[in-house]
């Protein structure tokens, strides 16, 4: 029996050790797994390395996790935010370490982690400060940089709909990094709006196959299951 | 090298024995040929998701006569069906599952297996042979557990379990366990470790048909 | 105006130079772009390098292209076929060169070509004959092999449905290599069963975005356009 | 360094001039800020597909008041809409489009551009600054043509077109052409090549406000 449903965000999250590497999906607030981050704040694990495109906006989610002092290091492409000072204050106080990675390199390093590719060469950032100290090598007369895969202990992501197996559909640009992070973490936890029975998602439309997912939890009013034959996708 | 045949397990019985070792909820790739038979032998109280590397997770049994779809095939290019919870994806995603360590188990056939876990199953190395490797090298380097299901000896009676593979390797130190008509055998640095014998088969029968040292490793836990 | 429709396979194919590298989609016969290969046979370009998972089955498609003597070299994972002798005869006669590549490495090299990644490391094939002569390197104590991207001049692929922009939907396991090859070729030509107007494919379900596609041609009885609002995917 | 202001193009007029150089059928990424304005200036007889690197091809204009969707945003995190023929995809696919050379044009803002085509647009390099790079380095290394749209000088009158960038680089030798309030300028090994001057602006005006040699490269083809 394959049934990855969890009853609530805390049990979905499970154990997270101090010092763990946690990937957090979302681009800005689109696709941000706020309720799972809340569970991580409650759970209290510290000294975390967070891998995420941004470093929090507003006062909830990743901004709150940073404010709670649980994040020692962040790997991201764009930690600036017009509506949150949480990261900036910690950063300027030297209380959080930043690894700044070009957005496409970040995506590709996470994908590589999930795909068993330990490292790859890319032209992005060659000759810039962000490539300082990295191995350079020319391919077809193009200067490239060696980049290593990123893996995580846990990925926290948000999707639109899951089935019991963890097959996922996303909503519009809320998809962003989540399918990649699902692949790259030892344990992938997903918050969704609704959970369907296996067989109710069209196999052609599944974005993240269940093999990459460990636990799913429905948030909010729609915790009831979608019934048989009611759903084949995000906008049928 | 040919020796008298010993009464061993049928192919179906080997497949049943392999299936016993596949846990509930596992994601599994079954190699082309004999390993495909494992699909029919999964105990009914276990749900196992079958992966086929040409781009499907949740593979079901062959279609009923006349109901096949030429666009729905497995890695052996035979028509299959899908199970609830299935998904389709392209080859890079399919091999991301394999290479990325997401498959729990892969069951492959073998031409030769060495006690070190080296596997040869893709080429005889003959110069006139048309070679073909498919996904075998990806599977052995990526799946969490690589099981081999094979006849203990070749048709002509040559041992397939050897001290060192003579055929070109598929991967080095990749096999965990071998299931043959004669025994269930773990690989190890001290030789092949016999975990279980088929009914009517002796340790001596196995040792005689194996061209590397065998170690008796049977215990209460051997039928795990 | 973005309208990538071509009227027939020959005009869809356009010019192919002698010595070109041609990617051909399909796994066995599932997803094989037979009519486009026929057009390539009629067109007559020779000394081709073909990148495809297999080396032809039956007597049509890639087997016929090989039989016609147009293929000098093939890059594939599994050229054996129970129902075609075209490749085997040419190979044994020394008239066709073979680069045998593990299937997952082939897929990843094509994806890398499309994604601007010149090379990557993979554990697959390390220590085997297929890695002979390739750079080896250890990552986290795992022996890996450096593999180069593969790009092509032309990709010939088959999909289920396209729109005028070249957005593509596929059918079941006929998807296989085609989305990757579409990314990795300078010119990507697609044969489909039907062509829809832009706006009639669900943006969440598109597998290959039109940016990767140059020309689409409908084959057979269904060359008429799908009308407005009639289609959101392979199995709506 | 401050000099009297010269009558130049408005931001809207610069955007219109950039849009003139974007061909029908092009796949285009518009950077955050001033370049976003180009979207509204595409001539009506051209169809251009806009890419936003957070995972959408076929981006449309901002939604009507009250009709926005927080899950449908652009790289600047502003709500947008979709056009017919749009598609959604994840970040690795989005940057495969960029890095793989599939985008015809990308239009970026600049802090500094060198005559060599070097671009600096992501960081001042100040130690107390919170740096953020986003997709800028990927875009400059991947797009077939990188255009820069910028005011010719900073607010305080410092030239942005320089002999060598003082700020940390986004990429080396990546920019093809620069559009400012004063001129359309190609980069080249012999200096900045002035292709077109804004009405009422002289070559001398541009040269005075550029801290590297400028070359008069105006010709009949300069309005291409």
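Think of it as A, B, C and D in the order they're written, each chain with its own count starting at 1.
Here is the rule we use: contacts are C-beta pairs under 8 Å (C-beta built on N, C-alpha and C of every residue); 3 or more make two chains touch, one makes a residue touch a chain.
Model, not experiment: these values are computed from the prediction.
Asks: Quick one: which chains contact subunit A and subunit C both?
Replies: The shared contacts of subunit A and subunit C, listed by label, come to B, D.
Asks: Please identify which chain has its centre, taken as the mean of its CA atoms, farthest from the centre of subunit A.
Replies: B
Asks: Count the C-beta contact pairs for B-C and for A-B, then tell me which is higher.
Replies: When the contacts at B-C and A-B are counted, B-C has more.
Asks: Let me have the rounded angstrom distance from the C-alpha centre of subunit B over to the C-alpha centre of subunit D, please.
Replies: A distance of 56 Å separates the two centres.
Asks: How many angstrom lie between the CA centroids of subunit A and subunit D, rounded to a whole number?
Replies: Comparing mean C-alpha positions, subunit D is 30 Å from subunit A.
Asks: Any idea how many Å lie between the Cα centroids of subunit A and subunit B?
Replies: 35
Asks: By the touch rule stated above, which residues of subunit A touch at least two different other chains?
Replies: As it turns out, subunit A has residues touching two or more other chains at 108, 111, 115-117, 122-123, 170-172, 203-204.
Asks: For subunit B, give me the residues that contact two or more of the other chains.
Replies: Residues 56, 88-89, 92, 95, 98-99, 141-142 of subunit B touch two or more partner chains.
Asks: For this structure, give each pair of chains that are touching.
Replies: Listed in label order, the chain pairs in contact are A-B, A-C, A-D, B-C, C-D.
Asks: With touch defined as at the start, can you tell me which subunit A residues reach subunit C in the complex?
Replies: It comes out as residues 108, 112, 115-123, 139-140, 142, 144, 148, 169-172, 202-205, 232-236.
Asks: Under the stated contact criterion, what part of subunit B meets subunit C in this complex?
Replies: Where subunit B meets subunit C, its residues are 52-56, 69-74, 77, 88-92, 94-95, 98-99, 123, 125, 128, 130-138, 141-142, 168-172.
Asks: Provide the residue numbers of subunit C that touch subunit D in the complex, in ascending order.
Replies: It is residues 1-2, 111, 113-117, 163-165, 167, 183, 197-199, 201, 203-204, 206, 209-212 of subunit C that touch subunit D.
Asks: Write out the stretch or stretches of subunit A touching subunit D in their complex.
Replies: Touch list, subunit A to subunit D: 27-31, 53, 57, 77-80, 87-88, 91-92, 98, 100-108, 110-111, 122-130, 170-180, 207.
Asks: In the complex of these two chains, what residues of subunit D are touching subunit C?
Replies: Where subunit D meets subunit C, its residues are 24-25, 27, 47, 49, 51, 56-58, 82, 84-89, 92-93, 95-103, 141-142.
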